[in-house]
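Which chain is which? They are A, B, C and D, in the order written, and residues in each are numbered from 1.
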Amino acid sequence: MSLTGIIPPVVTPLTADGDVDVASLERLVGFLLDGGVSGLFALGSSGEVAYLTDQQRDQILDVIVRTAAGQVPVIAGAIETTTNRVIERGHAAVKAGADALVATAPFYVRTHPTEIDRHFRAVRAAVDLPLLAYDVPVAVQVKLDPAQIVELARDGVLAGLKDSSGDDVSFRRIVLGTRDIPGFSALTGHEVVVDAVMLAGADGAVPGLGNVDPHGYARLAAACTGGNWVAARTEQDRLADLFTIVDVAPVATASRSAAGIGAFKTALMVRGVIATNMVSAPMRTLDETETDRIAAVLRRTGL
Amino acid sequence: MSLTGIIPPVVTPLTADGDVDVASLERLVGFLLDGGVSGLFALGSSGEVAYLTDQQRDQILDVIVRTAAGQVPVIAGAIETTTNRVIERGHAAVKAGADALVATAPFYVRTHPTEIDRHFRAVRAAVDLPLLAYDVPVAVQVKLDPAQIVELARDGVLAGLKDSSGDDVSFRRIVLGTRDIPGFSALTGHEVVVDAVMLAGADGAVPGLGNVDPHGYARLAAACTGGNWVAARTEQDRLADLFTIVDVAPVATASRSAAGIGAFKTALMVRGVIATNMVSAPMRTLDETETDRIAAVLRRTGL
Amino acid sequence: MSLTGIIPPVVTPLTADGDVDVASLERLVGFLLDGGVSGLFALGSSGEVAYLTDQQRDQILDVIVRTAAGQVPVIAGAIETTTNRVIERGHAAVKAGADALVATAPFYVRTHPTEIDRHFRAVRAAVDLPLLAYDVPVAVQVKLDPAQIVELARDGVLAGLKDSSGDDVSFRRIVLGTRDIPGFSALTGHEVVVDAVMLAGADGAVPGLGNVDPHGYARLAAACTGGNWVAARTEQDRLADLFTIVDVAPVATASRSAAGIGAFKTALMVRGVIATNMVSAPMRTLDETETDRIAAVLRRTGL
Amino acid sequence: MSLTGIIPPVVTPLTADGDVDVASLERLVGFLLDGGVSGLFALGSSGEVAYLTDQQRDQILDVIVRTAAGQVPVIAGAIETTTNRVIERGHAAVKAGADALVATAPFYVRTHPTEIDRHFRAVRAAVDLPLLAYDVPVAVQVKLDPAQIVELARDGVLAGLKDSSGDDVSFRRIVLGTRDIPGFSALTGHEVVVDAVMLAGADGAVPGLGNVDPHGYARLAAACTGGNWVAARTEQDRLADLFTIVDVAPVATASRSAAGIGAFKTALMVRGVIATNMVSAPMRTLDETETDRIAAVLRRTGL
């Protein structure tokens, strides 16, 4: 399996009571598949993984794997503080039938390069799934070292990288350092520069905004793959405009997590894909005024 | 219940296989009680809470509550990323018989003051235990706002604070702002300045180093309470010297978590309280040379 | 010369046109001397050193040295990005007749422990004044290493430390590591915990708030020196209440520099010591409403 | 004047005594002009501006302006802590005949969005030169807000941006928000992703590495401008390999500033353009072994 193209981090529809809205999640997976995505990232940051109980995580992964039904690979986040806890979630992913695992560096604790090395090696040894490193310093406080990523790729520990570090230099080095490793996937999490990062050698993208407009991202990826860079840029510029929905909820009243995930869910509600725009506690759900403003952006960008 | 005096964050002895070493944990609790501590903080950062599976957490809390047998209160960490996950651990703490709960601000996610407010209120409403806020920006990336702590205290949401922020100004404001609230406990996590912080109005301390020398910390707290500030300082200066054990493992090869927790465990092994100095993956355990150096510090400081 | 007691960082009174208000500065120095301070810190952060041109800096230092007239030592900030620029300001300090120099680690640039070592040694070698290190990570992004401070003290490079790091552990280590070095001064910049830090072994304090109430700080230092810790705490608690003036200007409209320096100047204007509360561009000056609120705090705290 | 293409931040050759090496600087400017650069950025971070005295800054700008002799525009850094100090340097730039000014947000001080707004407006009002904002959070601790940059551009305050923030999302927003403003220049400082950023809409680049291989960067920019994205990527990949010279000096013994600037200077010395690879105090100069390793990279990349 080699992961390329658009692999959105699937958001988690909730009912008004805060339970997983299974029917909406099934519709969302269908919508994404119809949009032409190449894979599904379950239990990522946009999927509210850090807000969900283990029981909810199991339920969600089960629905996604079952609904995807083998049409595209499902990669599962095992987002936990340290090694043994990640391995526990890895075993749950195996049991649910996921195709690959995604793990970050340890967090909450103060960690060390040697620990990060042992961490990924131990997770890979314990869980029989291809492993992708998730580089997300804004969440875990540490930036993965590109030389270490390349070494772990070369040793067969890592099958890929999801880069949400915003560090172009690092990403370019990893791309250059791994291009002779068959099947290694370098994926970017930055949804407004997919054209640029694919020019720089990325294999694909994991755009949270891909939930809202999978068709647009699929066109973008196809343009990149086909070498139509000007067309790619035009599509990307439209999607960058669409991405302004994440700024609708103001900094004064919403965390950036609530504003972003809330915007994706609100847009999907407006588009008729999911039933509510509820987000998990302690985030607040976007209100009617904000919903109207998001609907206006959807119209402006042709959705 | 008002929490005062020395409430060490109990370390978690492990067997060579990485399991919880129940016999060593029982001995450790006995050692701490004998040392004169006023309470026990189970499942804190020094207790490796972020490295433990939920099953291990349940087991450890059960052993500590059972061994303490009501002689001193047991406060339990519910260290999880967000509200619903903290509440799950809170229910486990109730079931195990803990006397109070400790929770941080949300982490991994990007949070917001309004979310922190809702977070503590929701946890308190859902879990029938006194709630202490744990201010630990080094782990969760956000510093709790002293005005917010005071307001939550005044509203009966918070029964106390464990401050590991290193922000003296903030702590002083909380002490001044809560001194008319009966039973509110302002505790410091900074083990080398307990004398100073108690002069400034702290009710007590949660010193990781208190695992190693509970008798010394109990003398220190008693000197502070008795107004013998010069005696307190002398004891604190000795304990500050003892605290240099956390620097034995070098920065080049060990995380600060591994160096600190590893030093406490190694010292307890040298003192004959616990059987091994094993720490959880992906940390490394301190080696023989490091053990010898720690033993030398113990001798130098009279232990 | 050994620096002990209260050494306020003298604020810089400005005219409505933004020039140095020499008459107000002379009155302020007189007020501080009358208040019983043991020294004057010219051209520190509270003195707006980073906002002043070199010509203004020279003028201010000249006024302070001349007005102090040898009654207390004047220590001069040489706050510049790197070694050669610090040395230039050091030579200006020598020329003006300052008694000691204060320098930070390099800033704006990315620095390194070996560079910090060379930096302080080069400054000391080039400027014939006792040198104090200023540990201010909030401004320069790097925390000075306590072991390095102790080594530089032992080598005769550093005659003291002004600690604004908020790191109690580090400060305690420096105090313990230098107490056998004659004349080394460990000064704290944290004005609300002077009692606690002096209990922990500080030689004195550099409180920005000491501009506003030098008499109070002098009483506080005397109580500490005399071992009257309860009296010290009572005075400190009053001063901590006075310190709330720095929160009058809201976070939404003022930087923390503008809110803090602006509050000190406004309080001095209300007390009749200086003529205006003007601050340097691009900060904004506190308005009438804010001035009224600060006046109320002054009344509440007996000034 | 509209700034496009390659505008390298000119490094500052030094003599063995640490003085400005005028002959080397003249040769370097000639080498860059021969290489096909479109402009010269004097007194930038790579030019060691933060290490230079004002007298050296004046001398350097004078040499660069005189040697460029109007063939390409010279933009001058006015890198100072706050408004009045920036304005002083701005006046020096006018006097020296620079064509534009570059300024950062205030640093060392804690600043605020409203202050950043006033800062750029005041500098532009006081200095009669087009003004570019320099977004460099690693140096000044604050990330410029893209909406604010767009507003300042629209108000005629800013004529351009030099982006060294590494924040792709922000940069894309600024590009999209300013593309209807004639003459506004969006320049990237990230030398290993120039192809990607120009695809995303950048007008040009300010690559430190452009000192070492101006011809390569000129080819890269021409390929981008001509829409030859695959050729651009190939050239960029070679330059990304060349950029590994900045890792030759190890983290254990050199700051990232010393390793980067030192590598550029060493490569220019090896290429025969400048006489020494001396860097300013307190940085250390790269040694012979490091020089040999850099020479090997130059050979490997065809220089």
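Note that in this section contacts are C-beta pairs under 8 Å (C-beta built on N, C-alpha and C of every residue); 3 or more make two chains touch, one makes a residue touch a chain.
This is a predicted model, so every value here is computed, not measured.
J.: Starting at chain A, how many touch steps does it take at minimum to reach chain C?
T.: Minimum number of steps from chain A to chain C: 2.
J.: If I list every residue number at the interface of chain B and chain C, are over half of them used by both copies, so same, or under half, so different?
T.: Same: most residue numbers at the chain B-chain C interface appear in both copies.
J.: How far is the middle of chain A from the middle of chain D, if each middle is the mean of its Cα atoms, in Å?
T.: Computed from C-alpha means, the inter-chain centre distance equals 34 Å.
J.: Would you mind pulling out the distance in Å between where the CA atoms of chain B average out and where those of chain D do?
T.: Taking the average C-alpha coordinate of chain B and of chain D, the gap between them is 48 Å.
J.: By the document's touch definition, which label belongs to this structure's chain graph: line, ring, star, complete, or other?
T.: ring
J.: Can you check the complex and tell me which residues of chain B touch chain C?
T.: Going by the criterion above, the answer is residues 166-169, 172-173, 176, 190, 192-193, 195-197, 199-201, 227, 229-230, 233, 236-237, 240-241, 243.
J.: Can you check the complex and tell me which residues of chain D touch chain C?
T.: By the definition above, chain D touches chain C via 18, 45, 50-54, 79, 81-85, 88, 106-112, 114-116, 118-119, 122, 138-141, 253-258, 280-284.
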